[in-house]
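Heads up, the next two complexes both have chain A, just with different partners, chain B and then chain C.
And then the complex of A and B:
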């Protein structure tokens, strides 16, 4: 049986950084899955961008809840990034924040790119988001950063997997 | 954490150094379909050797309007009351939820493909988990994370959906049916099997 779900790269932070980028992503998979377990110097929301992103290409819709209510919000085009978390989920406590981002048909060059995510922090809330990169190019790099001036803390992990369909 | 390679006995500070990368080997591709020109896709003769199944989909309908529903059934024809389902949706402005608590639709809603009124090149996505599909002692549950974002118009949302097939029979076939139109060129529906240890 050929390998279907393969690790591509893992970044475990040995120093605090404002963002993490995966470059030269192989174009040999069907979907990408990015798994994040992180904390930050200051509680903040996380955002993503790709090599395709410009100020008019990327938007997103979020659905979230924190135990007292549910909400929904959009990030419209106009920025060169899109927020995929809520409630400043990337908190300062190590291990509390996790997220799984699915980059569907990322190497396809005929359709726009959709990214669908789930993020969790039991001390903050839960969130689901769908993000649309309205460009048909292939995704070759992904950047995860955060709103504001905070940094991702030492020990935060970012693991990129590839999934290959038959 | 220091790690000693079982391959060459080298001690390193990185889990991956000297060892093969961790491979989630229990996740295997079963089949992929495009559905081009058809209103439904069926995966039949599904192997009973996995613990769970996962569908990963890129979707668009040739039907009229902004968007259409994609519904799931298993093991062939269904009757009213065979399925029940719930959903939670956010469109950027309003959170909505609902249910088919009586099973009147005889299927489970799992995605919202855009249709002909939506700009070309826009596809929705859906990831569906089908749990314990081969177990013959429990009803079969489904959950989906789906969505599409257009940055304009009314047809954009992120959705959490769940459903149950009120039958303990093992799932040997899965059918995905559009409410209107056919699967457009560029659609992809991939079925994976997940093994437990």
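And then the complex of A and C:
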């Protein structure tokens, strides 16, 4: 049986940055999982983009709730996707935010790419989202940028795993 | 390259049920923890799924969730802070179709960190009848301690026989 759910790369921030990028992602897996446990200089959301992203290639739908109400939001034909709702989920307290992003069949070169995300902050809100990269190329890099002027704080962790189907 | 998603322990509830499912002496050698449960209580329509870490009964837990109950046309969102246990969702109790259990996933990144522990919880209870639930929850344990034990317990009575839980460890290197 092949090994699966293998760690590809971890970035533990030693300095504050406005975004985190994984490059040269090996094409030898079936799916990818990105696990984030982060905080920021100011509460904010985050943008997802890949090497395939152009001015109108991303669309997606978010389901979210903040403890008092729930809602949905949609983005179409965008050049980025706000992946962590409208609740400024990436807050300033270390450890209080996490997200898990699943990239399905990221290496195939015949179909558009689908990304499913779950993001959590018990003081801000909970969100599930689906995003589509309307491109048939392979994903070789992934970027998670802060929305606005904030930065990810020192100690934030971003880990990319690869999952093999066979 | 490291193999990961390693099973740490599985608990299956036996005859007579159990008031909690407990994982103790969790090794600190992984990066994240993932707990998968298939579970059900034995009273009322639905049962609250509670969690405590390291037997901490202090007011150190908070949550926000979104929940859909098939009997209610609206989606419910709720929150709590400074709780003495972590409320994550609702699973079936005595009423749902027999031999039907929930499916739940609790994911805890950086469980040995000295920062607060935030977690993700997804749950569904489908039983081809009139009562179903699905929920997504964000949870937080405000503690600098590494998680060394996890207890999941219902708000009333017991988890019934055949409820099961498996804890996995995930390494980033």
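What we mean here is this: the second predicted complex is superposed on the first by the 157 of 166 C-alpha atoms of A that agree within 3 Å, B and C clash if a C-alpha of one lies under 4 Å from a C-alpha of the other, contacts with A are read in each partner's own complex, and residues count from 1 in each chain.
In this text, contacts are C-beta pairs under 8 Å (C-beta built on N, C-alpha and C of every residue); 3 or more make two chains touch, one makes a residue touch a chain.
Being a predicted model, the structure only gives us computed values, none of them experimental.
Superposition of the two structures on chain A leads chain B and chain C into a clash. In the superposed pair of complexes, A:105 makes contact with chain B only, with no contact to chain C.
Of the two partner chains, chain C is the only one touched by A:37; chain B is not. By the touch criterion defined above, A:62 lies against chain B but remains apart from chain C after alignment on the C-alpha atoms of chain A.
Contacts of A:132 after superposition: chain B is touched, whereas chain C is not reached. In the superposition on chain A, A:116 makes contact with chain B only, while chain C stays out of contact range. The clash between chain C and chain B in the superposition falls on 96-104, which is one of the stretches 24-32, 42-50, 78-86 or 96-104. Touched by chain B in one complex and by chain C in the other are residues 3-7, 10, 63-64, 70, 118, 128, 161 of chain A. Listed in rising order, the residues of chain C touching chain A in the complex are 1-5, 31-32, 62-66, 75-79, 81, 107, 109-110, 113, 115-120, 122, 136-140, 170-173.
If you check the complex, the residues on chain A that touch chain B are 1-7, 10, 30-31, 59-64, 70-74, 76-77, 102, 104-105, 108, 110-112, 114, 116, 118, 128-132, 134, 136, 161, 163-166.
Those residues of chain B that touch chain A in the complex are listed here as 16, 21-25, 27-32, 56, 58, 88-95, 121-125, 127, 145-151, 156-160, 186, 188, 190, 192.
Those residues of chain A that touch chain C in the shared complex are 3-7, 10, 35-37, 63-70, 93-100, 118-128, 155, 157, 159, 161.
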